[in-house]
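First chain A sits with chain B, and in the next complex the same chain sits with chain C.
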Partner chain A sequence: MPNALIVRIAIVVIAVGLLELLCRLGVIPNFTMIPPSAMAQSLWKILASGKFSHDIAATLVNVGIAIVAAMAAGVAAGTALQGWPAARRTLDPLFATYYAVPMYAFYPLLIVIFGLGDFPQVAIGFLLAVMAVIINTLNGLDRVPAVLLKTARVHRLGPLAAAWRVRLPYAAPYVFTGFKLAVAYSFIGVIGAEFITSSRGIGYEISFAYNNFDNPVMYAMILFILLLVITVNMSLHVWEKRLLSRRRRA
Partner chain B sequence: MKWRDPLILVVLIFVVWQVLYLLVGDVALRSPASTAHSLSNLLSDPRFLPHISETAIAFAQGFAIAVVVGLLIGLPLGAARFAGEVAEPILVALYSIPKVTLYPVILLMFGIGMPAKVAFGAIHGIVPISIFAMNAVRNINPTHLRTAQVMRMSFLDLTLNILVPAALPEIVTGIRVGFSLALIGTLLGEMFGSQRGLGHLLMQAMSLHNIERILALTLLLVVFAAGINALLLALDRRLHARA
Partner chain C sequence: MSHVALRGVTRVYPGKTPVHALGPLDLELAPGEFFAVVGPSGCGKSTLLDVMAGLASPSAGEVLFENRNVKGQVPDGIGVVFQEDASFPWLTVHDNIAFGLRRTGAPAAEVAAQVGYAIEFMGLKEFAQAYPAQLSGGMRQRVCIARTLVLKPRLILLDEPFGALDQQTRLLMGDELLRLWRETGATILLITHSLDEAAMLADRVGVMSARPGRFLELIATGWPRGRDSTIVASESFGRLTSRIWTLLRGESLRAMGHA
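Right after this comes the complex of A and B.
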């Protein structure tokens, strides 16, 4: 739908332009928000100077660890639970209430237990992300047609081989949806945790700049996070669509 | 039978907690029993009640705004197909960004205190409620609408007999998701820019290394969130089963 795309881009451009105008005219005072063009300029300067390269790298590494761990643990747990219906039934209320629990409430506890290193942040990202992978893996595995499972039995595949060669590949698109959510949740978890308390990272730099009334730096880094997360999510979305259309043709 | 699995689960969680406590000891954790005790002490402390009501008021306002604004955005977008198509990716992008990042902006706009907390709770809840509301309206069976046309139903009849029953289950799902997120938003708001409320107490306990307090507050929040979610989930499932 290129038509919808054009209107969408137009809306975003108009919104940003309006913000720019309101800031330039002083309707929105500069100590509240700086014009978007100034944000972009400041971001460009910061990135070019490499001032925050350490923080950006630290955040990305933590997000990356959380994502990979959540993917691995989520697929493993989902596959195991699918083969153990009694456990799954017992845990079902946990799945249903998991995202209702304010996960950040556990952050102080994690800090007390593990100290103020990177681990508590990674843990929050992981905890937020892993359940999405588990739920979507289960959802995918539930849809594997019985005939494929029978074929696996005919070929005398063991449970592990059957999971690896038949069930997980069939469930792949659903698992991918879980991965996509895991990426978004890991960013939310890690950056949120950095905001609450941390000693480095993008979230830390934003709250540091906020406390020092350093609006150019603060808005530049906020812009950076928003652009980064939206770009990553959009790319995954496009990739997912391509995977699905390939499968439909096959 | 229906209550057996949740019961086993709750017992299981307390067993895991107790075992964890036996492993790490008093340095980092308290036992479930002593946490329950300190929570009941906290709840009977008159100085604690204003904090609870502060959080409750902020959350109630934020959630109410999220529901009203979310429906006002979502319902028309569901009815107007093209507008919905334009807006959906924008809404999804807004849903996936870490909204904590916007916290300084909210603080600069509203100042420290109640309005900032309410706004922060609201922006967390609005997007999921509007996405679910949009899909609820969009997925109404067109045959039903055409039948209504043939029967020359008045707009009021159409709304009461077709639109509401058809869209309500999904809208309730959206409200359930929005409820959890608005609560998280309110608490996050209190953690950063507030001198009162449960989120503030949590931050304070963290900087004082007061494990007992942290655990008691966490337990309170988890029980509250899980309890309300269970109620909404039951309503949600009943509505979906009927549809």
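Right after this comes the complex of A and C.
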């Protein structure tokens, strides 16, 4: 096992152990935080009982929709904009300030437009995620060497075929970075929106438990989100590394 | 009958101060001829290639390939190898070479056979499943040549394909290019800044002037078809290169600003 990995695991184990100890000794009172072992136990019970299966499924579906929509729309918009410099110049200030806009401020507006269903949550997840895909797609496409574009023309590829067969494959590592961010932003957007107004979902259940001083449920669901997001991102990271290893010099 | 004909080809890059890069220039290439172009830096050699390939349109004049006008689009039957690495980093050597062939809709069995042959011919057998990043510059250039070769182009345009390689590799790649030329029967136009390379490989060498590039002289080398890099040691090779250099020296000085 590589040293860095051992150190990493050690840090997590020590931190969790310390937290456990402080909770058990009463340094951290139980109404503030429950010991990690109790969180795990509670989470296990919740998952086994299937009590929140409906909420977990709702959140995952909404996050999934936001991710897929952001990926598709982001790549399409990025590719189109890269081939249309005038539009890109016009929209550039928007790109630069996009993430300065607190997306949640639009929540009331989204509810007015989309009503009270799952749609506002998906919309916030999508809005947060899509710009990361657009920006990274543009960045990748800007780096395609001129000689590869010429090669596409020598192979008599039209604009769409050139984008699909040459430009996007070349830009893939950058687009992938955009996808990774899109996954993270979609989770943030959807779960955050569930906190505000929603009648189901992981975020809603955490908020509900919080309002009812139900620490075992609240911490169990926080732990669940942590494990979920870490697992998803680690898997993406491993996949990305495998993709990149081919393209790097040995 | 000429395979490729350039008539009064001129290329001016428009702008506030238009740059007259090339011509007017006339040239006829016979079918199966190996023609090399040498010229001082910035004389429009690459522009000439772009115009012949249909990657750029001439500002005046016309390019005919097999009696058809080439304009703004690369016609079927023309293959181009560039100086820069044009291999696709996301594809294996095998898939790089199969790229164009698959686009033509050829049956899988034929693609496999053609690609297999090209891999063998270019000495890439051990690397068929490797990615370009794992190969040397010379090997990657072979991949690009093989990718062009499988499409059976009748005219192959090469823009300083060995420019980034060391001298020994260049000589050996030159031998391979001659072998490929004989095997395919294609017409070849090779752009190079190496006088030796031009003199060793070509049937005729076109010596270009400083910008705007025009042909100062077309020199027939008189080599037999079965030549290889050993001719660089012959006496007539020395005479040939010195003749080309005499023509080029003044132009190169002009290109450097010593008019």
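Following the convention adopted for this analysis, the second predicted complex is superposed on the first by the 247 of 250 C-alpha atoms of A that agree within 3 Å, B and C clash if a C-alpha of one lies under 4 Å from a C-alpha of the other, contacts with A are read in each partner's own complex, and residues count from 1 in each chain.
Note that a residue touches a chain if its C-beta (ideal position, glycine included) is under 8 Å from a C-beta of that chain, and two chains touch if they have at least 3 such contacts.
Quick caveat: nothing in here was measured; it's all calculated off a predicted structure.
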Practice problem: With everything superposed onto chain A, say whether chain B and chain C fit together or clash. | Solution: fit
Practice problem: May I ask you to decide whether A:R242 touches chain B, chain C, both, or neither, giving the answer as first, second, both or neither? | Solution: neither
Quiz prompt | Vertex chain A angle, Cα centres of chain C and chain B, expressed to the nearest 10 degrees | solution = 100
Practice problem: Give the label of whichever partner, chain B or chain C, reaches more residues of chain A. | Solution: B
Self-check item: Which of chain B and chain C A:H54 touches, first, second, both or neither
Solution: neither
Quiz item: Is A:R89 touching the first partner chain B, the second partner chain C, both, or neither of them?
Solution: first
Exercise. Return first, second, both or neither, reflecting whether A:I222 touches chain B, chain C, both chains, or no partner chain.
Key: first
Quiz item: Of the partners chain B and chain C, which touch A:P102 in the superposed model: first, second, both, neither?
Solution: first
Quiz item: On the overlay, how many Å separate the closest CA atoms of chain B and chain C?
Solution: 20
Self-check item: Shared contact residues on chain A - chain B and chain C
Solution: none
Self-check item: Parts of chain C lying in touch with chain A, wherever the complex brings them together
Solution: 53, 55, 73-74, 76, 78-80, 82, 84-86, 88-91, 99-100, 103, 131, 133-134
Self-check item: chain A to chain B touching residues, read off their complex
Solution: 1, 4, 7-8, 11-12, 31-33, 89-94, 96-97, 99-109, 111-113, 184, 187-188, 191-192, 195-197, 203, 206-207, 209-210, 218, 222, 225-226, 229-230, 233-234, 237
Self-check item: Contacting residues of chain B [partner chain A, same complex]
Solution: 5-6, 8-9, 12, 24, 28-29, 82, 85-87, 89-90, 92-93, 96-105, 107-109, 176-177, 179-180, 183-184, 187-188, 191-192, 202-203, 205-206, 209, 211, 214-215, 217-218, 221-222, 225-226, 228-230, 233
Quiz item: Along chain A, where are the residues that touch chain C in the complex?
Solution: 145, 147-148, 150-151, 153-157, 161, 165-166, 169-170, 172, 246-250
